[in-house]
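In what comes next, subunit A is part of two complexes: it sits with subunit B in the first one and with subunit C in the second one.
Up next is the complex of A and B:
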């Protein structure tokens, strides 16, 4: 499968490339009050709104506010949902052999990287578990 | 609705009717005995008269009344129309245009002379008119200024799609490093793209129509239905200035036709019956449009006899096989939803259910198709209310956009009473609402410069709550501008403080505050 790999929270993370809608750069998400600190804001792209999430902060539960300016945002579309992810660094798309053990969350690339696979739905569920409002 | 607003609507609506009236008069001049055309002419004049009466514009309504008397005779065949008579009606229509335009400033002298001349002619038998009816070549008016055109909705959709495609071209720009692209070219590209986005925004607005324009489509239907069923009915609109997606409203034409037909034919009682029951002879149908968070709520209510619930109970018992105990334990709203069942419609509704149920399954399916929902409320002898909640796919709201700390926020302009600079704000009394604190904004990021005073929106029962001292400081006013409002999405909704996300003409985002929850 094609896997989109990026770095966040000191790890290599992989997401099935089919969920990646596109990558945008030099964007300035509109900050929204009352949302968790990993919520970097909202962007409007091609008629859609995307909640932009700082993946590092989400995974490390960092409460410091996200940076004002972001370099890249990975836009994901799946089911009826839209999400933008701010990585620390984008590695790129790699072909990764489907393992027999579908439950395995960790894959290894030929370059020797250890990649933790994550699905958009898992990220979404993590977001829903966070406190909103007061 | 305030009177000035109604006058504006009257001017727009009567202009449309008068334009159509002229066209139909030209047609009938070549087909004098065509009663359908006369019925159409009669209907248009009657509609103008009705609106003019509501505004106490006696000159307009009086002239309409005289013209209508002739048309009624032509329509019924009791008077034989002549080309001279058509000419008088054309002159009358032209005069009506002047009178409608002059409503604010009184009747101009020339119009007053014309009124006297045409008024005198209209008192004569139309088949024995004096030569005065001949058109005065010097007074033949020039065609009015072209300030609007009709275009196909499909063309707007096509233009919108094309503009979207052009915006997408931005994405085909090959990646260029900083040394390959000059800052001047980068700036030019950014400007070009921002212009394209503004163009797309403007085109998006073409997809919107005021709710009142949608309801005006039914004016003649309501009139015709009322005449057919010998009812006296008025149709009132609340919230008609809300702008909604044409595509959405177009899909609601049939459902609303069903609801209106049912309301008039079977909800509103005959005038004598209403009088006997202590009601006014004239039944009232109210169409209300509201925006509630991410939804458009359209409510159609009548003050008629209400839904006969014994017929529903009979259906549930005899057709569905429910026991009396099961039926009596059903919540009232669930009981009323029975009328949406397909097989319920096949019942003899005129005897079993006072007519409710005609095509109601069709209405329910149409609303379901639009991802909407419908609730029904009915009380015997008080009336019935259908409330339809639909997702707002697109809407434009004028809003005051402002900065508060690092955030760009907005409130609908209609909710704002005033904005004052802090040093000039000497309004006595009242404490400042800590909006920044309520939204968890760090006070260190704030630099208050203005006080924004809110006016609470009118309550749903039509009463205005008036101004209450809800004032808070803001850091900077960006402006009063149209925002394309999009649903706020699942994550923002969890904060329970936002009504939507507003997109400005330049593509920037402003978060629309939910005034009801602040």
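Up next is the complex of A and C:
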């Protein structure tokens, strides 16, 4: 399978490439009050509104506010949902043998990287589990 | 005494003559009888008694002329003799009294001479002591002067050396001033050269800034290319099997963009280093210019100081020369003074010797005066004896 790999919270994360809509840069998300600190704001791109999430902060549960300007934002689209992810670094699209452990959901690349697979639904769920205003 | 002896001898002779006359008269009387015996005996007795009194020193008696016979001659001769004796004794008395008076005067004079001699002796001793002390003082002063002369000689030599060194210092100061002026000239040249050399460095700084701007554009381009290639990859993935080739191209483009970005990062780092170094070089050049300017001011100050030093050294040199002249003059004067002191010392020595001789002379004189005193005393004793002896003679009216 084609896997979009990026780096966040000190680890390699992978999302199936089919969920990635496009990559944008040089965006200024509009801040939305009373949302969790990992929520960097919303952006409007080609007729769609995207909630922009700082993945590193989401995974590390960091309460510090996200940076005002981001370099890249990975825009995801699935099941009529829109989500933008702010990575620390984008590795790119890699084809990976789908031999992931169903339980731990980790795969290994030919370069020897350990990639944790994550789905947009899981990210969405993590967002929903956050306490209000955190 | 001689006179008395002569008188006595004379008296004895007279007595002898009288005895002979008496014997002759007696014989004549015996021969001629006793015509004249009575008168002759009487007159002879008279003469005899007078002679006896004369023999006892009484010359005041007058010889009586009792007749005009032959005995009269004897009586007259006798009277004449007595008169002569009287005159002699009188003269002797006068002479002895004069001798006594002279002896007394001599004693007084000798006493005075003795007193004066003692005074001379004491004065000579005092002069001798004074001369000795004077001689010592003069010798000490001579030694001090001699030392002073040596010191003044050394001072004069030192002054000469100092003058020579001051002259050397003047020459060196002049050389130093010339060197400082030359250094200043070179420094001006260096400053000009530094300013000229700094211009490319300042221009380089501007160029580096431009390179950085270009690098920013390149980085932006590489970032856009990276983004474009990523999105192309996503689109190729979405296209499925049909987009595989495009995905590879997009991936290669992304790798190229990545390489380009890395290279641009490296170039940026290098340019940053160049910019930093250039900044440091420019700062160093500005600092060098400032330092050179300061150095120029300092050397200006040094040149001024050298000028002041030169005038100071010249003044010192002149003063040292003056001191040397004064020292030499003093040496000459002290040398003359030393000669005078040596002459004075010699005179003091001579004075000392003379006073010693004077002391010895006064001592001898004292001894001689004492001899004279003894002789005068003996003369006094003799004159007293003579006076005593002549007192035995009684003259008329005494």
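Following the convention adopted for this analysis, the second predicted complex is superposed on the first by the 127 of 134 C-alpha atoms of A that agree within 3 Å, B and C clash if a C-alpha of one lies under 4 Å from a C-alpha of the other, contacts with A are read in each partner's own complex, and residues count from 1 in each chain.
Basically, a contact is a pair of C-beta atoms (placed from the backbone, for glycine too) under 8 Å apart; a residue touches a chain by one contact, two chains touch by 3 or more.
Everything quoted here is computed from the prediction, not taken from an experiment.
Contacts of A:44 after superposition: subunit B is touched, whereas subunit C is not reached. Contact with neither subunit B nor subunit C is seen for A:10 once the two complexes are overlaid on the shared chain. Once the two complexes are overlaid on the shared chain, A:32 sits against subunit B while remaining clear of subunit C. Applying the stated contact rule after C-alpha superposition, one finds that A:22 touches each of subunit B and subunit C.
Residue by residue along subunit A, subunit B and subunit C are tallied for touches, and B comes out ahead.
Contacts of A:127 after superposition on the shared chain: subunit B is touched, whereas subunit C is not.
By the touch criterion defined above, A:112 reaches neither subunit B nor subunit C. Touched by subunit B in one complex and by subunit C in the other are residues 22 of subunit A.
Residue ranges of subunit A in contact with subunit B, taken from their complex: 22, 30-35, 39, 42-44, 46-47, 49, 51, 68, 81-82, 127-128, 132-134. Residues 164, 167-168, 171, 404-408, 439-441, 486, 489-492, 494-498, 501, 503, 507-511 of subunit B touch subunit A in their complex. Of all residues in subunit A, those touching subunit C in their complex are 2, 4, 17-18, 20-25, 72, 90, 92-93.
Residues of subunit C that touch subunit A in their complex: 223-224, 227, 230-231, 233-234, 237-238, 247, 251, 254.
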